[in-house]
Amino acid sequence: MRPSKRANDELRTVTLERAVARYAEGSCLVTFGQTKVLCTASLEERGPPWLRGSGKGWVTAEYSMLPRATHERTRREVNSGKPSGRTQEIQRLIGRSLRAVTNLPAIGERQITVDCDVIQADGGTRTAAITGAWIALHDCFTWMRGRSIISVDPLREHVAAISCGIYKGTPVLDLEYAEDSAAETDANFVMTGSGGLVEVQGTAEGKPFSEAELIELLRLARGGVEQLVSLQKQAIA
Amino acid sequence: MRPSKRANDELRTVTLERAVARYAEGSCLVTFGQTKVLCTASLEERGPPWLRGSGKGWVTAEYSMLPRATHERTRREVNSGKPSGRTQEIQRLIGRSLRAVTNLPAIGERQITVDCDVIQADGGTRTAAITGAWIALHDCFTWMRGRSIISVDPLREHVAAISCGIYKGTPVLDLEYAEDSAAETDANFVMTGSGGLVEVQGTAEGKPFSEAELIELLRLARGGVEQLVSLQKQAIA
Amino acid sequence: MRPSKRANDELRTVTLERAVARYAEGSCLVTFGQTKVLCTASLEERGPPWLRGSGKGWVTAEYSMLPRATHERTRREVNSGKPSGRTQEIQRLIGRSLRAVTNLPAIGERQITVDCDVIQADGGTRTAAITGAWIALHDCFTWMRGRSIISVDPLREHVAAISCGIYKGTPVLDLEYAEDSAAETDANFVMTGSGGLVEVQGTAEGKPFSEAELIELLRLARGGVEQLVSLQKQAIA
Amino acid sequence: MRPSKRANDELRTVTLERAVARYAEGSCLVTFGQTKVLCTASLEERGPPWLRGSGKGWVTAEYSMLPRATHERTRREVNSGKPSGRTQEIQRLIGRSLRAVTNLPAIGERQITVDCDVIQADGGTRTAAITGAWIALHDCFTWMRGRSIISVDPLREHVAAISCGIYKGTPVLDLEYAEDSAAETDANFVMTGSGGLVEVQGTAEGKPFSEAELIELLRLARGGVEQLVSLQKQAIA
Amino acid sequence: MRPSKRANDELRTVTLERAVARYAEGSCLVTFGQTKVLCTASLEERGPPWLRGSGKGWVTAEYSMLPRATHERTRREVNSGKPSGRTQEIQRLIGRSLRAVTNLPAIGERQITVDCDVIQADGGTRTAAITGAWIALHDCFTWMRGRSIISVDPLREHVAAISCGIYKGTPVLDLEYAEDSAAETDANFVMTGSGGLVEVQGTAEGKPFSEAELIELLRLARGGVEQLVSLQKQAIA
Amino acid sequence: MRPSKRANDELRTVTLERAVARYAEGSCLVTFGQTKVLCTASLEERGPPWLRGSGKGWVTAEYSMLPRATHERTRREVNSGKPSGRTQEIQRLIGRSLRAVTNLPAIGERQITVDCDVIQADGGTRTAAITGAWIALHDCFTWMRGRSIISVDPLREHVAAISCGIYKGTPVLDLEYAEDSAAETDANFVMTGSGGLVEVQGTAEGKPFSEAELIELLRLARGGVEQLVSLQKQAIA
């Protein structure tokens, strides 16, 4: 039995609230149960120097947690001179996921930065961030089209992400913190609206996992991402 | 005429929402018009080494802005190795203001860290932060008393803060960003519930100001802080 | 046809040379074709403070590249104050992989640091590093047993790693640099001698990949790791 | 009674020695009693990039203390990667104070950097620095006019600064270290030769202060700055 | 008697292996007994900005040690934000030594970076590095001439280096670690093929040394460098 | 002919002024012509952790230049996170030189830090610093003996330093900046009062130098140091 009494293939309650940041070109407050991430998409006046002359744009992401997003207060990374390895890994993952469904030349030589700031953390912050970031990016592109900065929608399709894991020997979907910290295997899946895999990451925290278990985790993830994409569609309808 | 059509001595709409962070011992989302600051108070298991044997506690504050709290996206400070001078100046100001009304020995040898994270910035973020931080600290002390960690309330009285400035030659209260960036003089006042001055900071951005102007700014601030303290009292009632 | 004319499921020539570093407790120079990694295992007199009283040991890894390991010279990371995100990600992966097959309490409260320094890089440096690091760690434990520092072998089984990818639409094993930089999908698999999965990482660099492709990559990896484990067995025989 | 037996409105002995640095375009060694600050003004061949095309110049300041300027040796800031928050706050204050009396377009697109290095510290270093920096800047402008780099004097008027505080319940002028470290309220005032206020900073170190006390501190400061400006006039005569 | 039983004026076995790095324009693995240094020379597509328009090229060097090159593991410098003072001192010494025998205008406006990475350290790493770096640089210039990037050989003559010291009261040549750590005086000499002195560094670790001792150290060094230059000549023959 | 018209073996005017810093246990303002260095010796309440239990003390040095000590303003090192390689090299040299004449066990388990801050730089700052630092250290030990912190003088003898160089083909003593920047060879010598060599550093900036030239530089240095030691004796008389 899961701590939350959810079924093994059951998502937490997911909400996607748009236009929550007054100044951003696109924004979304995404919640997966008690996990809350504020995603803002910012059109940058000028992108990195290497974009010039390339004929295409770029989408990048940054990720951070408020210090008291967590059960115990976490120290700010500002004093250590660089984001931690974990933070960098997550922000590269979010950026890659968004670029996998974006037609970069359609943006022109501009950069969109999607900031994902975790307001409250109860497991699955990176997958919630990807799911919400897609909405913020979508709304940023709508804003740009409304001002004729771009003429066609650079988004080719949806992208969303979910975590799975093996908890007390059983594969389960969408781990909250209590499950995540006790899981034997922890996996994250990023998939597109049409079912393509963008990223698969599975890690044995304790004993190694089998190929059969990997395939079961993938099946659970597929079901979860289908629901997330459906919620994204409702949100932007 | 002010951009917002407010009277010269009129505050923006101020709200103080308590218990907004699930894990923090005390928290408050404070808004001054479009300015929004999330304040959380965290009881730290162990304070800095120099507290040991001192017989008293400590209250400190940290301050940060989300990158897209601002009209244009602001770069995160994480890559520069240290908070900027402005950030450090603000967090020291918040800490001093809270300690000015706290009976430190009553906390015991513990540290409370109040994090003030600006979700949206439209001027006056440091004064909003002080006003909301007092609520978060108050609720943290209530939580500690509820668990018998401390026996008496360490808060001696209220503290709140407000900005004033000389805008187009006229002293006005509670500047929003559009006024703040055009003001000739910019001032911040931190006062206690009983009317004592904790901090006065006045800076001529353009031409110097006179003693009469300083006194008028002080008069406006006093009226503003009185209203803020009254709102704090309602919030904790 | 692959640039090297190898079959799709064919490894490059792999060699594992032991005892190459005079002062290290265990060492291995591993080559996967033109990729060369020097792995040394160092018994640290005292581990991190959190080990004390835990009753168990720790295995950690560090990873770096010589500046001219690469086709074009790469700048040293020493000037940037911290290893890059990529470096940190790789060294965490190596450490996790080794710990997955190590009985930590059998080490006692000591730390082994395995340094993996890339002398020459032609793709697959992280998987070569894991494969060679296991040998270095094995020899370090043998050295410790020879001096009665530990009484039983802390290694539970072998661990090795290999990269796969989809190159020109076809899944292939053990990508060299020319393939890796052109692959549509890039994946790394870490597996134990008994066939358990320790880590699966698959990333679509261009278009998303399908579940069928993931399973084919996994099948290739399984064959590759079996050969690597067999080479490890010969090396330590 | 003050430790130095000075009257409440009595400055320490103040000296302003010009041309003390052989290579600087302007320089001044300022002493307020035992506090000694070496101020040098340097004309920079080229200013920051944002000056280009602006049609105006810039005056900035840097501040530092020699390690044994203080009673106990202070660690150098060089190892911490950035000036401390206190240092940054002081150097911004000095810069703002000088710019408040400078006609920036009259400098042309050049930058003057005024370095204020504390040789010995006995309280009031920032106010001594501002008072001496004005002389160094004045002499730098004279040097520039002598070489026809500029044609009119960019200085509009004098600027000087003084600290005040409430010591044992009594407002006093120009605190030395022994008073400063024991004062209940600490304030700094920057004023122009014509009596305008450039900066007012008052902080309650212990109990809050009243409006009447603030006004008395301001009165003391006004008397002090008048004497300092008079000494500046003698120095440049 | 020396620990290695060598005569006082006897070098360790020295080897110079060329073309050991597949991608570098020139490379050399140099060994002085158990000390092993990998030297690679890289032609940089573009040098530092100050080269432009100078009409000449530049040769620079970087130096580092693998963590387990040493008897005890040494921490990597990557976490400290800058090479240590010792590392910087050594890399400046190597660069100066190479430039002393290079005709910089003959390189054109290009930079050659010679990386000296210590694989194993048993004393004398900086002198071995200089001796091997000359070979790598020589081969880089040969490579450039082969591609008609330059037309004449920029190398004017050989350069090599050796350490000497006073060990148990006796001047000896080419100290290994066991001698170096116990020597009363430690000296390094860099000389050209024609016998000119490029650098002399002598340091009393314990009691001061006399002029007569300095001259004896110099005599030993001259003999050692003559042998090293002779080995360089054989290596490139 | 030298720019200053000095004879080849002639020092600049050297002065050693004691007790120039009010709070330091020992201090000396040393001038070599226009070069001015303020040296302060600070008894540190507690030394580095590794001193504990060692039964001996430590003498260390720090070195810095004021930004406008130089002809052109030099940027402060505070923003770069670490002293430059040059600064570290100099401060290690000063520390070694002082320790070479100090009986460390006679200090007890304490640290003396000698700060050498260059007020004005006209060549030879490191040698002036060593010469003045000896006075500051001497006076610090006198202070300690006066308070019975130590019972015997830890200084075994004098130490002083001087630069020499080959300027326009001629060996000369005590180079000022104009000579130093044009010299073909630059050398620094640190010697004790009894004539022992503590440190010899000679560098060919352009063409290599000969053994005969090295010996002539040494002869000049010996004469210079003898005069400096004589001035030190007068200063402390």
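Here the chain labels run A, B, C, D, E and F in written order, and each chain numbers its own residues starting at 1.
Here is the rule we use: contacts are C-beta pairs under 8 Å (C-beta built on N, C-alpha and C of every residue); 3 or more make two chains touch, one makes a residue touch a chain.
Everything numeric in this text was worked out from a predicted model, so none of it was measured.
Engineer: Tell me which chains count as touching both subunit B and subunit D.
Structural biologist: Neighbours common to subunit B and subunit D are absent.
Engineer: Going by more than half of the contact pairs matching by residue number, which of A-C, A-B or C-E reproduces the interface of B-D?
Structural biologist: The chain pair with the recurring interface is A-C.
Engineer: For the identical-sequence pair subunit C and subunit E, what's the CA-based rotation angle in degrees, nearest 5?
Structural biologist: Fitting subunit C to subunit E on C-alpha atoms yields 180 degrees.
Engineer: Based only on mean CA positions, could you tell me how far subunit B sits from subunit E in angstrom?
Structural biologist: 60
Engineer: Measuring centre to centre with CA averages, how many angstrom lie between subunit D and subunit F?
Structural biologist: So the centroids are 33 Å from each other.
Engineer: Per the centroid of Cα atoms for each chain, what is the distance between subunit E and subunit F, given in Å?
Structural biologist: 29
Engineer: If you average the Cα atoms of subunit A and of subunit D to get two centres, how far apart are those centres in Å?
Structural biologist: Each chain reduced to its C-alpha mean, subunit A and subunit D end up 51 Å apart.
Engineer: Which residues belonging to subunit C are in contact with no fewer than two other chains?
Structural biologist: Within subunit C, the residues that touch at least two other chains are 80-83.
Engineer: Please trace the ring of touching chains beginning with subunit A, moving first to subunit B, and write out the chain order.
Structural biologist: Moving around the ring in the direction of subunit B from subunit A, the order is A, B, D, F, E, C.
Engineer: Sort out for me which residues of subunit B touch subunit D in the complex.
Structural biologist: Against subunit D, subunit B makes touches at 80-85, 88-89, 92, 96, 100, 187, 191-192, 194, 196-204, 207-211, 214-215, 218.
Engineer: Which bits of subunit D are touching subunit F when the two form their complex?
Structural biologist: Residue list for subunit D touching subunit F: 21-24, 27, 34, 38, 40, 42, 44-45, 62, 64, 66-73, 76-83, 113, 115, 117, 119-120.
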